[in-house]
Each structure stands twice: as structure tokens, then as C-alpha cells.
Amino acid sequence: MNMPIAWLTLRQLLGAKRTLLLVAAALLPITLAIVFRLTDPDVEPARFIAQTLLGRLVVGTMLPLAALVVGTAALGSEIEDGTAVYLLSKPLPRRVILLPKLAVCAGLTLAMMLVVTVVAGAIAAGGEEDGAAVILGFAVAVAAGSVVYSALFVLLSVYTTRAFISGLIYVFLWEQVVTRIFTGTRILSVRQYTIAVADGVAHVSSSVFDGNLDTWKAVVMMVVVTIAATYFAIRRLERFEIGETA
Amino acid sequence: MSERQSASGNIYDLGYRRYEGVRLGRRHAVVTLYLHSLRAAFGLGRPATAKIVPFGLAILALIPATIQLGIAAVASDIVELYSHSGYYSYVQWIIALFVAAVAPELVGRDQRSRTLTLYFSRSLLRVDYAIAKVAALTTALFVLTLLPQFVLFLGRAFAQDDLVGYARDNWRDLPPIIASGVLLCFFMASIAIAIASQTKRRAFATGGVLAYFAISLAMAGILLATLGGDTGGWALLLSGFHIAQGFTLWIFNIEPSSSETSSTYDLYQAGLSLWVYCVAALVYLAVCLGIIYRRYQGISA
Amino acid sequence: MPAPPPPTAVPAGPAAAIEVAKVSKWYGNVVAVNDISFTLGAGITGLLGPNGAGKSTMLHMLSGFLRPSAGSVRVLGQSAWKNPAIYAQVGLVPEREAVYPFLTGWEFVRLSARLQGLPDPDAAARRAIAEVDLASAQDRPTGGYSKGMKQRVKIAAAIVHDPRILVLDEPFNGADPRQRLHMMAMLRRMAAEGRTIVFSSHILEEVERLAEDVLVIVSGRLAASGDFREIRRLMIDRPHTFNVRSSDNRRLAAVLVGVPAVTGVDLEDTRLSVRSSDFGALTRALAPLAREAGVSLFEVLPADESLESVFSYLVKR
Amino acid sequence: MPMLETRGLTKRYPGVTALDSLDLSLEPGIIGLVGANGAGKSTLIKILLGLLEPTEGTGTLLGFDIAAQGPEVRQYVGYMPEHDCLPPDMSATDFVGHMARISGLPRTAARERTAETLRHVGLFEERYREIKGYSTGMKQRVKLAQALVHDPRLMLLDEPTNGLDPAGRDEMLDLVRRTGSEFGIAILMSSHLLGEIERVCDHLVVIEGGRLVRSGPIGEFTARTGTLLVEIDGDHAPLLARLKAAGLRVAEEGRALLIAFDDDRVYDLVRDGVAELDLGLVRIEQRRQQLEDIFREPAGV
């Protein structure tokens, strides 16, 4: 782990206006959980947490958006404004540049989402037994999902200058619409992997979750996707050409 | 080169000539920028690819009204499919996509290419620039709102045997159609420009505008569903779509439907008085215009 | 003249620091660089060419950022492409202005030192910042720097590891006159220590004052290389013209016409214009003839011996 | 009344004073503006254009008060910024025509003057193509054209040759020169390249640390000095020794010898020295003071 690069990446991310927006957005699920608790509606908390609060809002929207914003800001914006040259012109193998960047992205996304998951979940569950299991399941799942999404979006950002918009299309069109309608495509959805992991870890009655992917399959797919994305990102960076316009 | 003349030959002066005509000043500059932006909203004067999205969405917005017109042509006395007051619910996403795609074009491009500096070095003031842009997007939206309403009006009129009679009986529909259409366009344009003017990057601007509508809609839905009518109802004031629906019904003086399949069921469940949505819309407008004003006062050129 | 080079801080390496052999670069059907070969040793070389001639592509290949489509670029004996190891001996100053706006000048230069794996990054950063005279601004974020300051902090980051080769893309862009003078002095000093310095520039006056040799790229081809005065001498199809003011122009004209190398003499109002295809013969003839004729020479000005005229000739050829 | 007059013009940012009580009075002409980075050149130009407000002080430009009559004065001023400012997906004709109308010209006049102006700056068939395909030189011409199209009384040019190659620089400088002398438009041009200023301008303003250092005709800055510059083809060491032996004060500078010039005797000593040593004589020139010298000495000379 190259510490100067990790330090630089962290400075980049924490200084960016978009990261602040993310932190503000992270307050949404927490607010929702507080409102849920205060008004005490007649929905079973575990089900509300698994399907709406954490399943739909956190895993379905916040997690991919956070990973997208962070993942494309770390290296993509550097390539775009030309500052990547300062890293690429150092006597370091390119993987030594990419891996710390990826680790910081994944770590930052993970930290933000873990806090949101645990705090919002705990508030909404209010000590209910099934609730604790569901939160634990989601904590593990969100951690794993952060890594997979980060690897994917960092890969995207070294391949295309339109990484952000492509990522948006993937998140909103593919994961929100296509995989809902065509259930067969769920084997290719990070969101579905994440839900499946949460389901497997939580181990509560099947009515709580609405996923339908085997947990072990999901785990295998997550490992495969992460390794492949990282490998191709490094490969791309090794052959990265900087011309007159780039 | 100076002019030279003889009986049968002339050399004319092609050198620099001063401009002695009128200079029309600030108001002319605002109007010019407004018209230019209005054209730009539909990609006119730009390459063909810039026209695809705005024209595509405008056509999509017209489809329901055109269907009504078609039905009127084929069979005169069949049920009406779309009402004036409910039309915007069918096209709300199209309008949102339109402003999300077009607002960054109108305000982001000038920041990206730094043409803003040139504008501010002319007689335009910063506030003039903001006015021209909001007005242009508002007007552009008329094509997606008032035009289909007008087609719909014709469609319904054609469905009757007596065209003149229909117009005479139903002309009272027109003021609310126009009032709600103008307010809707102004409302959507202001929100979109307030968000889009914050960044010069098109992807972020488009994403931001869409994210506002999508997330606020989802939050309102979740809150209403989990909290129920009494308290959850206020959550609809987060959502731009619900507000637009609310003030449209208020202007048409129609109560939301209690049918679960109706698009206005959320409003029925929330049980708020419809004028509340109208006030909310005005508050949103004031806030958005304030944000836009501040943005252009502060932006460095 | 600069003082004799001090004992070099840089260990002696192979004679040619940069070897470019039969290099071409194309993008689809567009040929940006076409079969260029040259070698560079210690000293300052200016890379010239019109916009779009392939200068920047060449510099990017020298920097290992572009893969040559054909031929090879070797830096200190190693291939430049896909070989980050060379950067331990190479410093790069890119053309683009951007630096990390959130880092202070000090942090930025120190980051470079750490990424180079230097044993004492703080000392190296301090030295590099002092070299570009930026110590007073080192604790401010670079986002607030002027163009010239950004240029200097970029140079500091590029020389922090004391590289043997320095590649600079338009380094004088945005620098004010004082900063230019300072930077030129610095580059001369570094070259005198035995380093290889390549820079591109559009400002011919500067190249003329700074570079010992030039490389001229026109339409992707190497149009000329070497000392530009020598290049000028090689243009035998183009007469050398001198404008002379003297105590008696008419008399001087009369004697100059008799010199075989002189191909034309024009008497104008207050001066005399002399043309010759043989530079050496004319310049050597001028003073003795004037002395014989008893004419005082007040002014002798070569009309088209500047780098600017050489360059425009090469480009329009 | 002078074209431009400022009194105590001051601009302070937190921690930095960009302009420090600047008093300036300029008549029309081609005026060069030089100064170190951060000396306040850009700030001055932006204040004159009304893009920035001065902290203190007043100014008049073309007889208008720059603070109170911003929109009016800007009708008569053209501005060419240093940075890119052109929309990539418009053609030069469309863009310059648009800026003409923004500057207050009616439609017909705008069209005619656009064609004229583009011809003057040397853009021909390519004016109908999108700007993004233009070379740097063509883009600079478009930038100049939009500053010229409304026939301003004064043009402010910020580093007009930035990024141009030698041929492009030549053409741009010729164009600036012509605009100033033939078209009769006053020009205030900033540049870091003193050679350019020397070539184009007839008046020079030097500012440093936000204060006026000197303002005067260019000739005052480039007066002859008491130094004779001699350049030899080959090694000049023998000549140096010989001239020193003859009692002259001689110094080396690069390839040249600098000889203190006392009386006309020096000319013949040089001539004879060169002749007797059988050297090639490349240059004899009475050295002029260089603009660069302003920057060699401490500020405030």
C-alpha cells in the first residue's frame, strides 16, 4: 500500500464538493428512520428495514450513487484535468498507483454506508430481535457491495471520460428497471448480490426479503467481478496513452 | 485602399467601415439572449444530434393528445382518454427529462466554454442573464405543456358534432389550462436552472435534476405509505411532481380521486387542501430564483 | 559565458541520453509523427514546430506517455514506453496548467519526492522549492497560484529527484518577463551540470537565447536539427542579407560590388543592403574592405539570420 | 478628455491588494500593458469592463463613468479574454453574429458587420464550420472578431497571441496593428512578451504590485544606450583581448561583445581589429535599452 497515494486520494475525495453532497444525502435514510420510529406505524420494522429503508433506499440508491461519485472522482477526474500525469510519471508500477486509489474509494464508501446502515437501521428497529439480525446482514452486505461497486466504477473511469453518466445509466436503468422486469438478469446485478448476502447473513424468515438469488452464487459473483474489474483497470492503466488532448 | 473613380472605371473602398447606426442597449441584449437560448433549447442552430433529445421528448409529450385527436377522427362519441387537468401526470417524467437534458445545455455550456465572460463584458447585467435563461426554458416547456393541451382541446372539440358549440360551451376551460401550464413551466424551469447552474459539468447537472425529482418522489411515496395520511401527507410537499399535481387540480378546481388506480390517489390520501400545494409552489419558485440570482452574482467571469 | 561546469552531481551515463530511432506515430489514418530519428546528449535542446506539427506527440513519446506506432524511443538506454522505471531519471513538466488545487506548494513537491522514494523527501522538496524561488508561497494552496507560480511549482516537482533528463512542454507559458529570466538562468545552470534538457516553445526569441541546439518538426517530419546558425549556413539557396550604415555608403557599395561572393548591393536612403550566398566570405570581407576604403562602419545588421527567419524558411519550404 | 482616466483605483481581496490606488490617464492609441504576474493587469481590465467592482476610486472610460454607466460604456468596448471563450458547437458566423446582436446591433446590421469583420480577421470558407474543428490560430481570430464586430471605440486584448505558433503570432500582431492604426480603434493590450509590445504598441504602461510604475511613449523605453554590441562569427576571445588592450571597456554577453561607447573612435577600432584578425563580422549595433531591462532592476524604477 503506497501511503502517499492513499493520502492524496483521501484529500482529493474529502475536499470535493460532491462528497459533501453525499454526506448530506446520507442523512436522508437516517431522517426517514427517525420519522418511522416517532410515528410508530403499523408496518413490521424488520420488513420495513429490509425492503424499504436499507433494501431500497440504502442498497438500491445510496450505495451505488456513493460508490459512483467517489469512484469516478478518485482517478477519472484526475485523468480529465490532466493531474494524473503527476502520478503516472513516477517510477512506480501502475498497480501501485491503482490499488491504493481503489482501496481508499472502497474504504470511504464503505465507511459512509456502514454508518448509515447501522444508525438508520438501529433507529428504525428500536431493539426488535429480527431487526438486529437484518441490520447485521446489511452491514456485511453493504461492506461487500462497496468493494464491488468501487472496483466497477474505478474501472469505468479509466476506460471512458463519460464514466459518470454511464454509471448513472447502469445504476438507474440496468439495476432499477431491467433486473426488476427480467429476473434472469439478476445474476448480473450488484444490487441483487448485495441483497442476497444480506439475506444469507441475516437468516430470518423468507418473507422479509424480496431477493431471489442464492447467497453462495452472489458471493462467488462478487469475488469474480471485483478481481476482474481490478485486473482490467490495472491493465488499462499500464497501457494508458496520454496524447495532446488528454 | 481608397476609392478611385474615372469615367469608365471604379475602385471601391473595401477597407474598414465604422458603424454609425443605432446601438440598442441592454433590453435588446436580453431579448437576443432569450431568443438564442430558446432556439438552443431545441438544438436549433446546432448539429442534428443536439435536436434528438428535445424533439424526441416533445413528440412523446404530444402522443397522448394526438391519440385523442385520432380517436376523435375515427369515432366521434367515444369516451375521452385524457382530461386537461390530468394531462400533466401523464407527461411529468417527460417534462422532467426535458428540463434535465436542456437546462444544463442552457446554463452549463456558457460556463464550460467560458462564454459567460463575453456576455458580462457586454451591456447585459448578471441578473439579465438569469432572467433570459429562466424565461427561455419556461417558454420552451410550453411546447410540452400548452401545445398538447391545445391539441387535446381540439381533439375533444372534434369529437363533438358541433365544433363551434363545443368551443362556446367550453371556452372556460382555457384560462385554467393556460394558467396551470404557465405556472408548471415556470416552476419546473426554475428548479432545473437552480440545480443546473451550480455546475458546469453536464453529467452532474442532468444527474442532479433527475435525482431531485426521483428521490423526492420516492421519499414522498415511502413516507406517505409508512406514516399514513395525517402526518405522511406533508411529505408530498417535498416532491416537485406532487406539488405540480396539487396546484393543477386547484387551478382546475377538481378534487383528487379516491380511486386507488388514479394518479391523484396520493393527493387524496394526503388529504391536504389543494391551495397548500399552490403556496408550496410559490415558495419553491422564490427559493429557486433566489438561488439562481445568488449564483450569477457570485460567479467569477 | 557561463562558468566552466562544476563537478557534475550526476553520474556519467551513456553518451546519448535520448535516442529516437525511426519513430512514427499515427492515429488511424492521421500521421502525427513520421519517421523521425535523433539523439540527444547533455545540454539544452529546443523543440520547435508550428501548431499541430507533431511536437507535442513527440514530447509525449519521449515521456513514455504514448506508444510509438513504429520505431523506438530509448531513454538512458531503456525503452520509454510501458517502463515507469525511467521516471527515476526523468523529470517532466507537462503543458497543462492543472495541479492539485487543494495541496499547498510544499505538499505537492513533497508528494513528488515521496513518490520518487527519496530517502529524505523533506530536504529534497525544500531544495527544489528554493531552486524555483517559491519558498514564500509554499504554504498556500496551489489552487490560488498565478499561472507563473503554477509553472514554477510544476518545475520544482519535476526536479525534486535531481533527474538527469528534464522534459518541459511550453515551460514559459504564462511566465512574466522576470520569471522567464529566472527560469532561463536555472535551466542553463542545470544544463551546465551535465543534464539533458528538452523543451518546446513557440517563442522563438526564447529558444534562440536558451537552446544550444534545436529540433524543428514540420508536418510530422524532422525538418532540421542542430545549431540554428549552422542550419542557416546550409540554406545555400537563400542569400544572406546585411544592412549596413557607414560613413560613406556609396563608396562602400562600390568596393563591395567587386567581391565575387557578393551577389547584389542596393543603396537605400541611409543604408546599404548587401546580399551574398556565401556567409563566411561576406562577413570576412566586410571589415578589411571598409578599412581599405577608409569607411567607418556604424551599423551592421544581418537581416535574416535570426531563428525566426530560419524557422519560417523551414516551415514554408 | 482622455480616453481612459482612473483616480485612486483600488481593489482589495482578503489578504491581497490587487490594485493599489492607481492613477492613470491615457489617450487613444495602441497601448501595451505589462507587469509581472499578479501585478494587477487582469484586475484592471476586469474593472474597466465592469466584471469586477473596485473597492475604492473612480474611473472614466470614453467619457462614461465605469461604476455608474457600466452597460452604456460596454457598448463601445470590445474584449478579447486570454482564456478560451468560444462555444465549440457553433460556427464562427453564427457566434459572431450572435455577439453582434448582444452588443446592441439590429439584425441586419449584425449580419453585415459579421461578414465584414470575419473578412477583416481573415476567416473565409471555414467560418461556416463548427468552431471545435478550428486551429488555435483560427480560434484567436474568432475571439478577435467578436470583440471587433460592434465597432467599439476601444478594444481590450488580454494576451492575444497566447498559444499561437510563430506564423500565427505574426498574423495576429499584424491584425492588432492594423486594427489600431487603420481602423482607428484604440487598443489596450496586455502581454508578457516584450518583443510583441515593442513591435505593435506606441505607448506603454507598466504596473507592478497594483501601482503605476511608468507610462509613456514606447520610444522612451527603448532609447539608445552608450553600448556598442559586436558579434563575430567564431571565437571572439582574440578580439576581446585586442580591444581591451586598446583601452576600451568590453564585456561579454553570450555570443556578443558589449563595448562602452565613448566616441566615434570605437567604430574604427572594432573594424580594424576584426580586419586584422581575419574574423567574420556579423553584427555591429548601438544597443538599445530593452523593455526587459525594466524587469531586471528592482521594481519602482
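Per-chain residue numbering starts at 1, and chain names A, B, C and D are given in the order in which the chains are listed.
Definition applied: contacts are C-beta pairs under 8 Å (C-beta built on N, C-alpha and C of every residue); 3 or more make two chains touch, one makes a residue touch a chain.
Small disclaimer: the values here were computed from a predicted structure and weren't measured.
*Asks:* Listed by label, which chains are in contact with chain A and with chain C?
*Replies:* Intersection of chain A and chain C contact lists gives nothing.
*Asks:* Of all the chains shown, whose C-alpha centre falls nearest the centre of every protein C-alpha atom combined?
*Replies:* Chain closest to the assembly's C-alpha mean: D.
*Asks:* Looking only at C-beta pairs in contact, point me to the busier pair out of B-D and A-B.
*Replies:* B-D
*Asks:* When the C-alpha atoms of chain B and chain C are each averaged to a single point, how far apart are the two points in Å?
*Replies:* 56
*Asks:* Between chain B and chain D, what is the gap in Å from one C-alpha centre to the other?
*Replies:* 47
*Asks:* Find the geometric centre of each of chain A and chain D from their Cα atoms only, then give the gap between the two centres in Å, rounded to an integer.
*Replies:* 54
*Asks:* Can you check how far apart chain A and chain B are, centre to centre, with Cα atoms defining each centre and the answer in Å?
*Replies:* Chain A and chain B have C-alpha centres separated by 34 Å.
*Asks:* Pull out every residue in chain D that's touching 2 or more other chains.
*Replies:* Chain D, residues with two or more chain partners: not present.
*Asks:* Mapping chain-to-chain touches, which pattern fits: line, ring, star, complete or other?
*Replies:* Ring.
*Asks:* If two chains touch, include that pair; go through all of them.
*Replies:* Touch list across chains, by label: A-B, A-C, B-D, C-D.
*Asks:* In their shared complex, at which residues does chain C touch chain D?
*Replies:* Checking each residue of chain C against chain D gives 1, 49-52, 146-149, 173-181, 202-205, 209, 279-280, 283-284, 286-288, 290-291, 296-302, 305, 308, 311-312, 315.
*Asks:* Which part of chain D faces chain C closely enough to touch in the complex?
*Replies:* Spelled out, the residues of chain D in touch with chain C are 34-39, 135-137, 162-169, 192-195, 233, 252, 254, 264, 267-268, 270-272, 274-275, 278-286, 291-292, 294-296.
*Asks:* Of all residues in chain A, which touch chain B in the complex?
*Replies:* 18, 28, 32, 35-36, 39, 41, 43, 48, 52, 56-57, 61, 65, 162, 164-165, 168, 172
*Asks:* Under the touch definition given earlier, write down the residues of chain B that touch chain A in their complex.
*Replies:* Per the touch definition, chain B meets chain A at residues 201, 203-204, 206-207, 211, 214-215, 218-219, 222-223, 226-228, 231.
*Asks:* In the complex, go through chain B and note every residue touching chain D.
*Replies:* Where chain B meets chain D, its residues are 15-19, 21-26, 28-29, 32-33, 36, 45-47, 50, 109-110, 113-115, 117-125, 301.
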